[in-house]
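Before anything else, here is the set of structures, which you'll find just below.
Here chain A shows up in two complexes: once beside chain B, once beside chain C.
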Partner chain A sequence: MSKAERLFNFRYLVIAAVLLTWLPLSARASEMQEFKGNASGTYRDIFDQNIFYEGTKYLNFDRLFRAIRRQPVRAKDINVFDEVPDNAYFTNRHARKKLSAQALEKGYSETEGPDTKGPLTVLKAKFFDSLASLLVRDSRGDEYVLKFDPYSHLALATSSEVIASRFYYAIGYNVPQYSIVKIRTDQLVIGPNALLFDDSGFQKKLTQEKLQERFLFLPVDTEGNFRASAGKILPGTYLGTFQFKGRGKHNPGDSLKAEERRSIRALQVFASWLNDYRMSRISTLAVAFESNGKREMKYYLTDFEDTLGAVLDREKAPMFTHEYLFDYGETIKSFVSLGGYVKPWQKRWKEADEKSASPAVGYFDNRYFDPGRFKTQLPHDAFKDLTPADAFWAAKTVMSFSDDEIAAMVKAGRLSRREDEDHLTKTLAERRDLIGRYWFERACPLDDFKFSGTLLSFTNLAVQAGFQDQGAGYQVDIDQMDGKKRQPVASFTIRENSIDLGRWLGHSQNLWVGISPASDEKNQKQPHVFIQLGSSGILSIEHED
Partner chain B sequence: MIFGLLMASQPLFALTEAELTEVQLAPMETSAAYQQFMRRPTTELSKLIYLIDRFRPAKLEILYGTQYYDTSFAAPFVRAFLATHYKNETAQYWVLHWCSTAIPFGNTIWVRFPNGENYEARKILLDELAALEESLKTVRSKSSHRQTIPSL
Partner chain C sequence: MKPFASKQIAVFSCATVLIGFIFIPMANSANESYDRYSTQYPEIAEEPAWKEIVNHALVYPFEILRGIADGGLYLVENYQLDQKAKWIYGKIQDQGITPFGSVLSFTNLGGGAETDLVKLAHLRAHFPSLIVTHTLLWNHRTIFETSAKIGAERLFMDGVHAYGNFKYESRPEEHFNGIGHLSTAGNGTSYKMEVTTLGATAGYSPTPLSSIDFDFTYQNINITDGEDGGRGIIDTTFPANAIPGLAGDDLITVGLTFDHDTRHHAEASTQGGQEKLSVAFVNGIAGSNARYFKSKLEISRYLRLGSDRRVLAFHFYGEQNNSFSAHSVPFHQMARLGGYGDYPNLSQTLRGFDNNRFYDKSAALFNLEYRYTVWEHREFKLDTVVFLDEGQVFNKYFRFKLKNFRESYGIGTRLSFANNTIFSVEVAHGDEGTNFYVKSRAPF
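Up next is the complex of A and B:
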């Protein structure tokens, strides 16, 4: 056997060995889909997001160069029509197919809430500061986390949690079932191994006497009931939280980084709408469950007691949503100006006479609200990577809710005063318009493309919402395929919301149509939307990032 | 004994109507703290919670150690402190034990009124407690009197 033949045979031997070991492993991996847990905590999250990543961001050269060159990264969890398809994080709901007012008010629901006709067995109790929560099992065997209102703000935290859960669900995120429940202490039965966690830092055995004592700290309504939000424990295996940065550690099959997902980036816009200050990984949940004999993952948003005017056990502090927990930029501004720089949140607090609308609503208004400058408690790369195309998609979703639909979801909070419901509805409707106006100006606001015969038609969402008038019409640029190259063939302005493409369709299989609102000022670059057309209709839509 | 002597040696401090207006407090029976107190089971702990809630909206300042704090600012901390430091004592004993001197400074806790006058915190709290006990007695006697009236 010659040397060449020996080498040839050896090569085949190696390939065979690799195939024999790799194929069974890969087949096993796809069968098993083994998901891993990913623990997190508040302090770790604060350290990671606000100190470590913020401190080392200038060492991330890839991100730095992109920032200098103003080169955004296009989201990768979108389909050819520039939409987010249903996935483990997001399911298209209200923006795609309108939900009824009843469905909006009901939200995600597996049951009618805890069965309060029978006893509620307390499995765990947590009393920390003025926060109180219980893990209970009802007579049907379902388990719920009951979170009670802080003492001076009856209905504040509970209504915020339930209302925000309705909004996030209608938008398309997975949320656990939340409902308002009113209970008395005589309905609570202590479970045999029930534990109490309190400020002492030690776990103690929970007794009826201890529970009664702790309930004295909670506010009581006029009927003598304690008001709580009941979050149903989800079926499946809890695998901790999911990340807002990097690839998910739970699912080896998940190839996308969190900051590449539009559904995660857009949380910046949705959080700004709902005044969600603590939008972070600690308010998320990854759950593995069985579906048709296969193990699947679902990612949930949870714990919404920091939304609207509330933050945990009190009203939102004036600087919340204006500054990060450690906001280096704002600190430097104050330091350099020797405290002379008056921040927007200080002006806002002063204009509000240093008080909130009502104890049940908390501090929630639209004074000095800037959709582009809304800040959650911790900075996230995913939110910084939000492109105009992502924000347009999110704003379009926000704009799909009418005033009545917002009112229906606010009703789920079961606020006792009509004025409080009206205040929330009005503020959310105003904020919806502020978000729509802001992001529609920064992206091409054209949507709802239809191609019939040779006519391409569309809707200008900014005009439809009354934010803009028709103005100077639209600039249209048409490209055709010339061999393997795209060749510009026409450029013109139209005033209507439709283009007849008959002249160019016969010459080419594929057409690229770029449309942007025409500007009165020359050389002013307007964001485009690109539509690819083929013989079968619209092949792709892409809003410029 | 000490408590008895203390109570006997000092006149009862009661907030007059003018003072209530000055510190922006509603009369006891119409206050939110009292309404909440009446809805809860009456225990020594619930009386202490009432005291915190009663003075929370007041326009008063507390000198604790070397620093003045608004009552609205201090209330959540006092509640948390009460939750961890209440060991089945009477409300009066607890007030005397914890509301007399500041920890770890050892100096007296004072309450400053808007007019600049200072009063001992424990005295204000004990007087309010006495007023609450008085009100409870009245409510109880009224309810027992109501029970004695035969139904028509």
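Up next is the complex of A and C:
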């Protein structure tokens, strides 16, 4: 190799080194700016999540090694007691303190909904395919997005949106205010600069004729009213969507990656409960607002018309929630089996006689529902990183809702037929139990630890819910801290939900107690929960990932 | 109320509140000695930046591509370029012009447009049955075609239709390897064929599923050297007197076609089938020696195997050209086998062989396809197809022999939307090699 060639190659090496250093640094540098907008879109999201990240996931050494070693990664937004403290994404609500039936039905609420006594001024209209939505301002000056039901499916999308918003809010996520509103076209006044966005892709001036023409294709109730879900425009500055992967670009103070957040990972479980097919960044919103003179961020889940039995303008397609948009694994199974592999959604659709429960409920039942195999439209690393501990946390939140509480939230959908409400309540309650049973089997289902005197007591959520009987009791392993090392001091089985630790407490400042359901079968590894005890009581709780 | 009593009550109240403040938290602390929602986080060592760089080292080059793709997709969605394009296409169609694309191979792309002149003149409402259309089709090195059709979908009564048509087509690279099943690929030549057709058709459709059509056609066919530089010259490789029709022909055809079609879709049917029988008498004029009787039978069947997602598709094609004594069948009007399918090519589906690989007076062809769906999303479907083609050309009935069948087999995948094939990739193997096909339609 000549000197010139060596120099040439060296230059490339230098450029490559600079690039490799610069790429991550540039990402960090962008975080120096405060509260940045982050644009996204459906096409981009599909490409990124379903094609790019799926195609390159094993080029990431960290992910590859973890996949080989089946090594889970513990969430980083959890506190020492294995809970997610209130943050910009999540606020503990129902699981912390039971909300009343009225509060559950009401959900997040700033107003009573659009003031329909006065005129509603239309600022913007979007008419795509069979979807119709309006941005309106009411007489109080509040702005709302009105989304109407598609033709032949009165109440389907609107009730799904409102009901799901109640659930997500009660669980702990931030959601905008959603309510059902019934209006007539004579209540709508076209604003002076109102624009129309339609299938043409060109924006046009909205006219009364165009509005009337479109409303001819929307369903009306028995009183001749159009039904819409009214989503109140949130106060603050909209900064686009938030990511389900990587560090948030909005907030420089946010050092965690989305996939390291239990509150994001657990959306996989909550989405499975609410049959939320399109749970991804395009259904999110990052909003900056002023609070006590400080600028803060809040992250919202929005647009729930793809939940329960609905998907945008129609009933859920049979393969939705069973397969990703491009599901390589399922496609390969079909290919290799020469079409002989009958997919669960195909069996389910056949058993349902290829029809749904009702036009207002859409396609929503629990046949072939598998909490571990529920799939949103796009695959997300955050959902794949869900550990049994994360799922246990989510499942116990799901299990905190009683049948009556579910019914209260379903009531918010204002469905006209009692049978439809009952179907939704029954399906959601059954699904709650399926989720609880599934994830409580995969994690140590012990919770509500209390330490009084020398007695450590707990509740077995699986037994409490009736999924398991007390069985063989619990295996207890006690470690004492010897300097910085943990030394096993005792291992025994108990049948009660409490352990007297008096024998060991005097000898050590810190005690580690590992508990797992005792197994009748030898060598069967059971998931543990570890409790660290100190002189001040319980110092930490950790469910095994 | 007395002041003393008030004082007593005040003291009692204060004492109660005080006791409450002291004992209620104590009682709570006895039950739960921790705030489970506290913001006390476990200590986690932050990973060094270099580790992240190393972990992602292989991904960074692809991130550049992602950036470009994301930018493009964002632009398309944000400015609704796809919606605009769709809207513009719809508007053009509303005017009576339907542009279309045609994929014959990776390198052979083309397109065209069909123009409904009645719609273009805004007269469709006045003349709902009138047909006045013009079609233009071009595919690189394969075909240039311009045609016009005038007639009526309904004449006097329902089901009766009639139209006249004019067509000019130029095929610059028709392949020819000789006549008969023993012809060899080594004799590969190409010729250019220009066909001008003037014809009239009248027919009756007693039901939407069946029709009978009577045709009268005049064709002027010019044969010259092909434009494929890599192949031999036809009239040098094959002596003019050995190949009938090498100098071109003028032909008059009188024919009758019966069609019975119970497919529920032309390209991706899962049930029913099609039977098509046509018979024609062809006579050469203006010095042409052609005079023969042409008969063609085409049968397809689609069997659903327990589900619409598994279909066994069967196709038979038979053609017989019987020349009258002292007359001949021009080679360009003979039965042809090879390649992917018949339109815009003239050759029937024998995928392991090149287009127009076999010519002869007669042909028998069987195609069997097992089509199964491997992915679907709403109206999008991705099918895998495993196929076997068996075909042979022969001169006379008694020359038909089972051992002369040439077979090809292969596998492919077809993406369709609402049962219209958008894109297909297939690979076929025969004893002369392996062929790849990229198409925008299914062969039958």
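Throughout what follows, the second predicted complex is superposed on the first by the 512 of 545 C-alpha atoms of A that agree within 3 Å, B and C clash if a C-alpha of one lies under 4 Å from a C-alpha of the other, contacts with A are read in each partner's own complex, and residues count from 1 in each chain.
To be clear about the criterion, a residue touches a chain if its C-beta (ideal position, glycine included) is under 8 Å from a C-beta of that chain, and two chains touch if they have at least 3 such contacts.
The structure displayed is predicted, hence computed values, not measured ones.
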Quiz item: Which of the two partners, first being chain B and second being chain C, lies in contact with A:P85: first, second, both, or neither?
Solution: second
Quiz item: If you stack the two complexes on chain A, which partner ends up touching A:F52: first (chain B), second (chain C), both, or neither?
Solution: second
Exercise. Examine A:G537 and indicate which partner it touches, taking first as chain B and second as chain C; both and neither are also allowed.
Key: second
Practice problem: Considering only touches as defined above, state whether A:L216 meets chain B (first), chain C (second), both or neither. | Solution: first
Practice problem: State whether chain B or chain C is in contact with more residues of chain A in the superposed arrangement. | Solution: C
Quiz item: Given the touch rule stated above, what does A:D199 touch, chain B (first), chain C (second), both, or neither?
Solution: both
Quiz item: Of the residues on chain A, which ones does chain B touch that chain C also touches?
Solution: 199-200
Exercise. Could you please specify the touching residues of chain A with respect to chain C in the complex?
Key: 19-21, 23-25, 39-44, 47-48, 52, 56, 59-63, 76, 78-81, 83, 85-86, 92, 96, 197, 199-202, 255, 317, 319, 323, 325-327, 330-331, 334-335, 338-340, 342, 346, 450-452, 536-541
Quiz item: In the complex of these two chains, what residues of chain B are touching chain A?
Solution: 36, 39-41, 43, 45-46, 49, 53, 56, 75-76, 79-80, 83-84, 86
Quiz prompt | List of chain A residues in touch with chain B within their complex | solution = 127, 129-130, 151-152, 198-200, 212-214, 216-217, 219-220, 222, 224, 313-314
Self-check item: Of all residues in chain C, those that touch chain A in their complex
Solution: 29-42, 44, 46, 49, 51-60, 62-63, 66, 69-70, 73-74, 76-87, 307, 309-310, 370, 372-378, 382, 384, 386
